[in-house]
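Following this line, the structures themselves.
Across the two complexes that follow, chain A remains constant while its partner is chain B and subsequently chain C.
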Partner chain A sequence: MIALLIANSLALASLLIMLASGLALIYGLRDVINFGHGAIYMLGAYLGYTVSLVGGFWLALIVVPILLALLGIAFEYLALRPLQGRSHIEVALVTLGLGIILGQVIIFFYGGVARSVDAPQILSGSVTVLNLSYPVYRIFLIVMGLGSCALLALWLRYTSSGLYVRAVSQDPSVARMMGINADRLSLLVTSLSTAFAGVAGVLAGPYLSIDPGMDVTMIVNCLIIVVIGGTGSIGGAIVAALLFGFMQVAGSVFLPNIAALVPYILLMIVLLVAPRGIGRGRVLN
Partner chain B sequence: MSNRTTTAASERVAPLGAMGGSSLRVPLTLVAVAIVVVVGAVAPTRFAGDFVLRLANEGLLLGMLALSVAFLMNQAGLVALGAASIYGGSGLLFAIAMNDWNLPPAWALCAAFLIIVVYATVLGALIVRTNPLAFMMLTLAAGEMISHAVMLEALRDYTGGADGLVVSFKGTVFGMEAADFASPARFWVVMWVAAWLSGLALWAVGRSRLGAILRAVRENEERMRFSGFDTYLPRLIAYVLVNIVAAVAGLLHVLNAGFVSPESLGISVSTNSLVAALMGGIAGSVGPLLGGVIFSFAQDEFGARGLTQLLTGIAIVVFIVVFPRGVVGGLSSMAWLRKLAFGGRRETS
Partner chain C sequence: MSALRIERLVAGYGASTVLHGIDLTVNEGESVAVVGRNGAGKSTLLLSVFRETNIISGAIWVHDSRVDHLPGYMAAKLGISIAPQGRRILPNLTVKENLLLSKATGRAGYWDLKAVYELFPVLEERANRPGTMLSGGQQQMLAIGRALMANPSLVLLDEPSEGLSPVLIDGLVGALNTIRQAGTGVLVVEQHLNLVKRATDRFIILAKGEVVGSGPTPAIGAPENQALMAL
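After this line comes the complex of A and B, so read on.
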């Protein structure tokens, strides 16, 4: 029972980690919360649906992140860079507007009905581990989530570009004085972040349903995670995503009546106890 | 007093007492305003049809929401994305108070209003101490929380779930019957007066000491704290104040529509009011109200083709990108012109 609970919450947390760490990455470099991230995730899911129909799930898992990385580059050049001098709140509002536009465009093309994607043959069915039968796809999800999380950590910790990202996130002006090109980094980070959203979108297909409201649901969940984790802290976001996933899953088991409210209750408690979140995010103003 | 002349305080256009200059100008302005108020209240009911009046009523309702969003943006630099939860929530509570608690309409109105104000105060106490970006995220989350709560299976008997609630009352509220509120022409008078009152109230607060403190905190919270000001309470008061305006709008909406739907709690209401505020301009009281009316007529024009949401998104982007000085942080047309003329670098914010 407990093992099942933990496995389920890990599966959910895997998706959330990919999205929330993408948000935290952009935030670290640009001080901007991308309110359109949910719509990008939704685009990833719908594109994943289309590509899966044409060329199968595995192709979708490769093609969609690449397409969305290109979208991220466009986002960087057309939105983030021209608006660099504007206040962060205004840029955040612009991303909110862009997210609404993207969401509506998706609904225009795909209509308002929910879609579903079948998991590939290898990943369907379930496997028995320690006398527990568990869906293979969720195990795959956990592996992907934790794997990308580990890759991200390795990149940030052991490569020079990762070092620069951490430096800019910690203190943008000093990092620039040391000769770090924040614009070039931002291009990398933004495309990485949208590519991650694409991976999450494709992975969400066989796990959750693909429907027109998924962008708002996901962005709200991610914002809660980012706030709980301490704005801009990637480590905090990961811990918060795990916590969030566990609360969500445990809530639906033990408190089915108010399960939908559990994340918000968690948020309020964290705000009461630690208004800055649990991670050590950069104190901002 | 000298230590209180912060940048924001000195930026105030003119102190209230100096507005008239001569003793004649104040009465003249007052007379002009009075004429506009009276003519505006009466004339449309004579000349405009029910359909146009209905749109105008909806526009002013949205305008009141826009007013609350704009005031907080302009004075405190905080963007609230949760107006819908107050707007729809107050209406829903009004319906519940009558249907389930068997309160008479006037009492139900008061109860709904009080509960919403308490909710806004508690929520505000939690979230106004965060930074503006987190504030924006948290208001969005809180709004979603309320719209999820309404849809909970356990509360379905109270809230009506996805079906919404019909609000019908017998007797009178403020001397008006249900039929009076439902009539576009009679409701227009109520709506017009309510919009003016809330506009005037927020305008007065903006010019008061509280407004000056809010703007100073918006510019530099740390400096204000060092100068010995409480930066928390003024923002909390402002947050509660704008939510009172939103709650009044929500109650008026329900009295008029006789129905409260879960859509009135949805995120699109919040984004619509944001757009209306940006459209009308966030400085001042007339702009947001006008923005609401423009939005309402525009929605009627384009909404049939299902384009409302798309246009909302486009409007947010366009209105923010086109105003170079920035919409948040006070929009002065002079600075805008100067920027156009010299194309100089924007001051850091």
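After this line comes the complex of A and C, so read on.
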């Protein structure tokens, strides 16, 4: 029972980690909460659906993140850079507006009905581990989630660009004076963040339903995670996603009547006890 | 040849103007002190080189490049680095990571981890500790080491003796002289005149955002200069 609970928490957390760490990265570099992130994730899911129909799931897992990385580059050049120097709320509203437009464009092309994607043959069915039968696809999801989380951590910890990203996230002014070009890093981080949203969108296909409301559900969850994790703290976002996944799954098992409230209760408790979140992030302006 | 040239600089923060037409030239390899009372505009002068202030008019040149219209990081890439006031060590980075930040300038030269560790051995001993776990004096060494790692032609130091004991100030003077011997120029904002006398060639006095006096360092104790510093 407990093992199943943990496995299901990890499966949910895997998607959340990919999305929330992308949000945290952009916030760290640009001081912008990208409210359009949910719509980018939804675009990833729908594009994943189309590419899967044409060329299969694996092709979608490669092509969609590349397409969304290109969208991230456009987002950086056309929105984030021109809006540098504007207030947080103005930029946040622009990202919210762009997200709404993108959502409507997706509905225009795909309609309002839910879609589903079948997992590839090799990932369908279940395996039995320690007398516990568990869907192979969810194990794949956990491996992808924890794998991307590990890659992200290794990049941030052991590469010079990762070091510069951490520096800009902590103190943009000192980073600038040390010769760090935040614009160039932001291009890298924004495209990485949207590519991760693409991976999450494609992976969500066989796991959750693809429907026009999936962006709102996910962005709300991710915002809670980023705030719990400490805004701008990527490590905090990863830990918060794991915690959130566990609370969400445990809540639906043990407290089904109030399961929907559990994330908000968690958010309230963290904000009361540690307003900066569990990571060492900056206070959200 | 000048490493830094500032011409008729008017700058401040938001709507308030702090500097009212500053002229200053520091040649390569030179060690210059900026002295004056609190609020005279000394830190504003240093921060303006990196466009951390609102530059209203005037020009700032690093070697042959005009930087007052370029992004702030360009001054560092062109050869100016800074140990800012309050040290501003990044708390989530280790001592070594703080030092490696300045490699972002892409400048090669005498200063690398080995040279900085030779100058400040304690930084090597604590290389893997968080930067802010160091004592005040050690954090100052880290801030200076971080600035040197950029291999600048001129390093700007803002109140490096702030909060240091007399023994540590002696060590700082030794470090500043070693930095000069390595061919790196120094522009130091400092209230501690003993340090200025032992580690710089000449000084300028700032009062209310204007240069009101200057001269070779041995003359800094002259009554007229003392009077100007009290303005």
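Keep in mind that, in the parts below, the second predicted complex is superposed on the first by the 282 of 285 C-alpha atoms of A that agree within 3 Å, B and C clash if a C-alpha of one lies under 4 Å from a C-alpha of the other, contacts with A are read in each partner's own complex, and residues count from 1 in each chain.
Everything that follows uses one rule, which is that contacts are C-beta pairs under 8 Å (C-beta built on N, C-alpha and C of every residue); 3 or more make two chains touch, one makes a residue touch a chain.
What you are looking at is a predicted structure, and each value in this text was computed from that prediction instead of being measured.
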item: Chain A as common anchor, with chain B and chain C clashing or fitting; value: fit
item: Chain B versus chain C as contact partner of A:Leu83, first or second or both or neither; value: first
item: Chain B versus chain C as contact partner of A:Leu96, first or second or both or neither; value: first
item: First (chain B), second (chain C), both or neither touched by A:Leu272; value: first
item: Partner chain(s) touched by A:Met177 [first = chain B, second = chain C, both, neither]; value: second
item: Touching partner for A:Ala167 - first (chain B), second (chain C), both, neither; value: second
item: Most chain A residues touched (candidates chain B, chain C); value: B
item: Included angle at chain A between vectors to chain C and chain B, based on C-alpha centres and rounded to the nearest 10 degrees; value: 90
item: Shortest CA-CA distance in Å separating chain B from chain C in the superposed model; value: 6
item: On chain A, positions contacted by chain B and by chain C; value: none
item: Touching residues on chain A, where the partner in the complex is chain C; value: 160, 163-164, 166-167, 170-171, 173-183, 280
item: Chain A partner contacts - residues on chain B that touch it in the complex; value: 77, 79, 81, 126-127, 129-134, 136-138, 140-142, 144-145, 148-149, 151-154, 221-222, 267, 271, 274, 309-310, 312-317, 320-321, 326-329, 345-346, 348-349
item: Chain A-touching residues of chain C, taken from the complex the two chains share; value: 50, 52, 71-73, 75-77, 81-82, 84, 88, 90-93, 97, 100-106, 146, 150
item: Chain B-touching residues of chain A, taken from the complex the two chains share; value: 31, 33, 35, 83, 85-90, 92-94, 96-101, 103-105, 108, 216, 220, 223-224, 226-227, 231, 257-258, 260-261, 264, 267-268, 271-272, 275, 284-285
